[in-house]
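Each structure below is given as structure tokens.
Heads up, the next two complexes both have subunit A, just with different partners, subunit B and then subunit C.
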Partner chain A sequence: MENGGYVGGTNPAGKKVIAELRGVSKRFGDVLAASELNLSIGEGEFLSFLGPSGCGKTTALRMLAGFEAPSEGDVLLDGEVVNTLDAHHRPVNMVFQQYALFPHMTVAQNIGYGLRQRRPRLPRAQIAEKVGKALDVVQLGGFESRRIWEMSGGQQQRVALARAIINEPKLLLLDEPMAALDRKLRKEMQIELQDLQRQLGITFVLVTHDQEEALSMSDRICIMRDGRIVQIGSPQQLYDRPNSRYVADFVGTSNFFDGKISDRSGELATVALDNGMSVQGKPGADLSVGQEVCISVRPEQMKLHHRHAGVDVEVHNRIFLGEHTEYLVSHETLGDFLVLSPRQSELAEGPFNVGDKATVTWEPSAALILDRN
Partner chain B sequence: MRLYTICVYLFLYIPIGVIALFSFNAGRHASQLQGFSTKWYGKALNNPFVMDALETSLMVAFASALCASVFGTMAAVALQGIKGPVRAVFDLLIYVAVMIPGIVIGIATLIGLVTVFDQLNPLIAAIWPGGFEPPKLRMGMGSLIAAHTMFLMALVVIIVRARLAGMDRALTEASSDLYATPMGTFRQVTLPMIFPAILAGFLLSFTFSFDDFIIAFFVAGSETTLPIYVFSSIRRGVTPEINAIGTMVLGVSLLMLITAQLLLQRGGKKSR
Partner chain C sequence: MTQRTRNWLLLAPAGTWFLVMLIVPLSVVFIFSFGERAPSGGVVPAFTFEQYANLPARWTAFKNTMTLAPVGTLSALVIAYPLAYFLAIKANPKWKTILLVLVIVPFWTSILIRSYAWIFLLGGRGIPALLDFVGIEGVRLINTPFAVLVGIIYGYLPLMVFPIFVSLDKLDKRLLEASSDLGAKPWRTFVQITLPLSIPGIATGCMLVFILLMGEYLIPALLGGGKVFFVGNALVDLFLQSRNWAYGSAVAVTLVVVMLITVTVYMRLISRLGASREDVSIM
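Now for the complex of A and B:
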């Protein structure tokens, strides 16, 4: 998968490597849950594993936490191989999906749990002071003696967060931490998590299936599929230069047209689409003539015109979104696709109504030629 | 259908109700109500044979319930950690142990222990230093406790296993993630969470041991437990005193069963 130079298997320059996966695979019986993962995580970085359920992202996280040992390869923390080091020996803490707060303990007892395991023992007063500070950080000051079941979902999440960060871990692992929250609360927590990460300087590793969550919070995103890493990069890199149809489809929305490469010379390549049309595009990976590919064009890269040379379409649906208008247009042989039209061009061109004939154009450089998978 | 149901319940509970009712009988005949009195309770509690038997019963019940709770919990936690066919075999054996009729456990334990004791006693006598009377292994309190512990343990395992299975695995993982050693996790997380189930198992075990007649009858040796005392005195006719003893045993048993049930329900709710 090392292609195009922007798979980004290594950590961005200048950051100390805090954790590393080297050729890590994990088998559960006959099932290969993770396959040859290579990744290094820099100090203070916010990295997300993004992918659908069953893609191996949680397995990767659990190997970092120490709940699973890799079947092959090495897991490194701070330069040391920790493949079989038990979770309780690792300077790593985790925020669990359902928080896994201890129901028989108060909020303060939950948060102080990690500190109470230290040997030699810490003085009680010191633990209480640190717990108080951690509660302040997550804005739950004064909730010390509350019971877990008296707290709302959002508050429970903050307790789980405080319980982890109080130990000042080298890595904070977050396993779908927002999954149990409602949409509005999720937005708030995303912003808070980012603030917290900057404030504490702890390295965050997040697992999520929510692309919006990953895009809005991460420095880098690691896209996974069927146990493999498909692409690693910053949110912008993944959005602008996906290395496969899978990534283009998973990160943001895109229109895809299948075809074969007919000419490949210079910056742009020519693709003969399955419907007979011939279009130019920018190769997003190493591709050869005759290869079956697809062209990916983002809806906002497409322009809709009343009278202009281009792809002839008919407007099927129109959704006004304020600053943008989303059109679902239909072409005789290409099928349906989306065009996102900014308000300004809308004003210049005049409105398009359902049933109108129109033409669509895009810059060749905006059409990425990608592997079909 | 409804009438049939009512009949079944009446058939079940009328004899028990009658025993409780007649225990307050002022007269000395078990079939004739002659006014209200608690004198038979007083008589039963002042009977040295009854008190002796009660003491034996309580000691056996407490000791066997305690052993069963400790060993049963250990077994349940260990079983939770293993998977596959090994676990299936153990599970099966435990359910079988609960279902085996008391009479089989009684006879088997009796024969087993007597055989072992017969082999061991000469050995002990041979190695015992001269001048002292060598101790002799025989049926009694020890064999009673051992036999009861054996079948009660299976009960505790089942109760504690149910609780462990209902516990979120993420809780023990979280504890381990927060630097607790496996022993620390057991002490600080697992044990407090399964404690209601262990206590319920203890109370149920106590009740079962306290009420047991069949197994005790075979392995008690010269000891007399309360059910054995009741059985032997019934041969001399049912007196209101026996009714009073029966009612007291019933009261204690019910109290423990209800407590156990409450513990299991409350514990179950909290873990969610």
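Now for the complex of A and C:
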């Protein structure tokens, strides 16, 4: 598989590519909803599209499902270009954002719908048996003849899921399936979805704007912004090696300091911060001297000291989280930032109280030099 | 104010209206129907079934009404459905409103004037002349049941289009996508999703058109030329021309009874069709 121009879009080694986007763009009138998407999805993978509302996630999904044809580029399924192939011919099923369950059918009729479209027809008994199994998978046994409006939001979501997996699709698309559920139910469903994916071995493509959801469930995450893919990688890759401030900010929490690269030799580069300080950090590949950048340091990479050389700060807020304590500290010119201090070092250093003077240090290798955008 | 008084107050205007404009006149007609014709026209109070015994004399009017009303309703449905479907689902949203207005525009002119246009079109110098020109001779359209049917369909089409349009327009388009996603071909999606979910609109449209058609008299009078008689025409004749109020009342009562029976049976059928659906209950 060629990887030229892919933003980290290399398919995980050894997996058969099941779906692919090649330079795919989609225009709605003047709106460029998706721009130059390049991505290959491996068999059995759990991939997420993550990005704020309106960044083109649903559009990307709808092109895979067959509801929209790309304006440019190619959509491939199983190695074949399917740009204009109708949805009903694709081995792909979707769980819709608001489930889109058929209101005039029972739960069992909804779930069996896909099977009833098969030609030659499947025997009734076989359909009933498969529906029964699908109901068991989503733990809704006994709800066969219920009406859709008699089901709670969480139950409806399971029905939508069962309806989508009964055809054993090559690709299961899920458009913010958990958005309408309350927090507790969402957590449960996330775990269930992951179990289900392992159990069925179906490739999942999930759309979400919830970073926690994407981080906890996905093998790979595809970060989107304004219709473009910004970075693709495993949750850990994105967290440890974001390629831009946007990604560092979207995945997890980070502290950012603006500056310019003043020197670049060897592993580390030196950045002259806008406040006059000079700090070292690990540069991203294509950054050169003189370029406007920002330094990103994760709160847990920062250490707080009582008496130690470092950045002088004042403690403004302290939140005890058990294992960790989160400090909001303030520097005269750098402004406010977050420090996450593990219990261990709290015990060694002694506690910091609001109003205390302290110093902050971090390893140069923990400071990532990133593109400002 | 208690909830109860408030409810009564809310119902009062409509209730009064119904009482004065519907119940009272209907009762009067009902009483008249057992009376006798006064020599000078009007009614002499009596209690006789004579008028009802005479009903078979007007059998043709009943027969015409009871065939052309359902046939007209079904024809209007067959023509209106694709139109409503196009407007609600296929038409570019930008044009939707304009196209919808075009459907209503004919309503802005009186049905009388529009029917005169049809008199010309179906008359000797209209379509038959055109057919004559291409070699099909001797076609007579005006003053036939066909002419009345054409007029009915034309006049009542918007009334059928609207409720169907509304039910199709509020149909969640993602249901159609979901159906396609699950492997249904377009035709199967229509039969399994679109059609069942537009039943409330179909039912409302048919009901409206059918009830109004049962009382129709203008279109048959103009396009049927006295040859295709509806019960409505019989009533006009009996009350206004021959001034036989008692007999007219008996015909009117019979029409109301026939209507009530048909509508009841119809509602039964519809509610069975959508037996388990909550959204048919608008009927």
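Heads up, the rule we're going with is that the second predicted complex is superposed on the first by the 365 of 373 C-alpha atoms of A that agree within 3 Å, B and C clash if a C-alpha of one lies under 4 Å from a C-alpha of the other, contacts with A are read in each partner's own complex, and residues count from 1 in each chain.
Basically, contacts are C-beta pairs under 8 Å (C-beta built on N, C-alpha and C of every residue); 3 or more make two chains touch, one makes a residue touch a chain.
Keep in mind the model is a prediction, meaning the values are calculated, not measured.
Student: Return fit or clash for subunit B versus subunit C, each positioned on subunit A through the superposition.
Tutor: Here the two partners, once superposed via subunit A, clash with each other.
Student: Go through the superposed model and pick first if A:F67 touches only subunit B, second if only subunit C, both, or neither.
Tutor: Touch partners of A:F67: subunit B and subunit C.
Student: Tell me the contact category for A:Q211 with respect to subunit B and subunit C: first, second, both or neither.
Tutor: neither
Student: On the A-aligned overlay, A:H88 touches which partner chain: subunit B = first, subunit C = second, or both, or neither?
Tutor: Both partners, subunit B and subunit C.
Student: Taking the superposition on A as described, I'd like to know which of subunit B and subunit C A:Y113 touches: first, second, both or neither.
Tutor: A:Y113 contacts both subunit B and subunit C.
Student: Of the two partner chains, subunit B (first) and subunit C (second), which one does A:T270 touch, if any: first, second, both, or neither?
Tutor: neither
Student: Can you pull the subunit A residues that subunit B and subunit C both touch?
Tutor: Touching subunit B in the first complex and subunit C in the second, residues 65-67, 86-88, 92-94, 96, 98, 100-104, 113-114, 117-118, 149, 163, 167 of subunit A appear in both lists.
Student: Which residues of subunit A touch subunit C in their complex?
Tutor: Those residues of subunit A that touch subunit C are 65-67, 86-88, 92-94, 96, 98, 100-104, 113-114, 117-118, 147, 149, 163-164, 167.
Student: Mind pulling up the subunit A residues that touch subunit B in the complex?
Tutor: 65-67, 86-89, 92-94, 96-98, 100-104, 113-114, 117-118, 149, 163, 167
Student: Would you pull the subunit B residues touching subunit A in the complex into a rising list?
Tutor: On the subunit B side, the touching residues are 168, 170-171, 173-182, 184, 188-189, 192-193, 270-271.
Student: Within their complex, state which residues of subunit C touch subunit A.
Tutor: Those in contact with subunit A are residues 172, 174-175, 177-186, 188, 192-193, 196-197, 274, 276-279.
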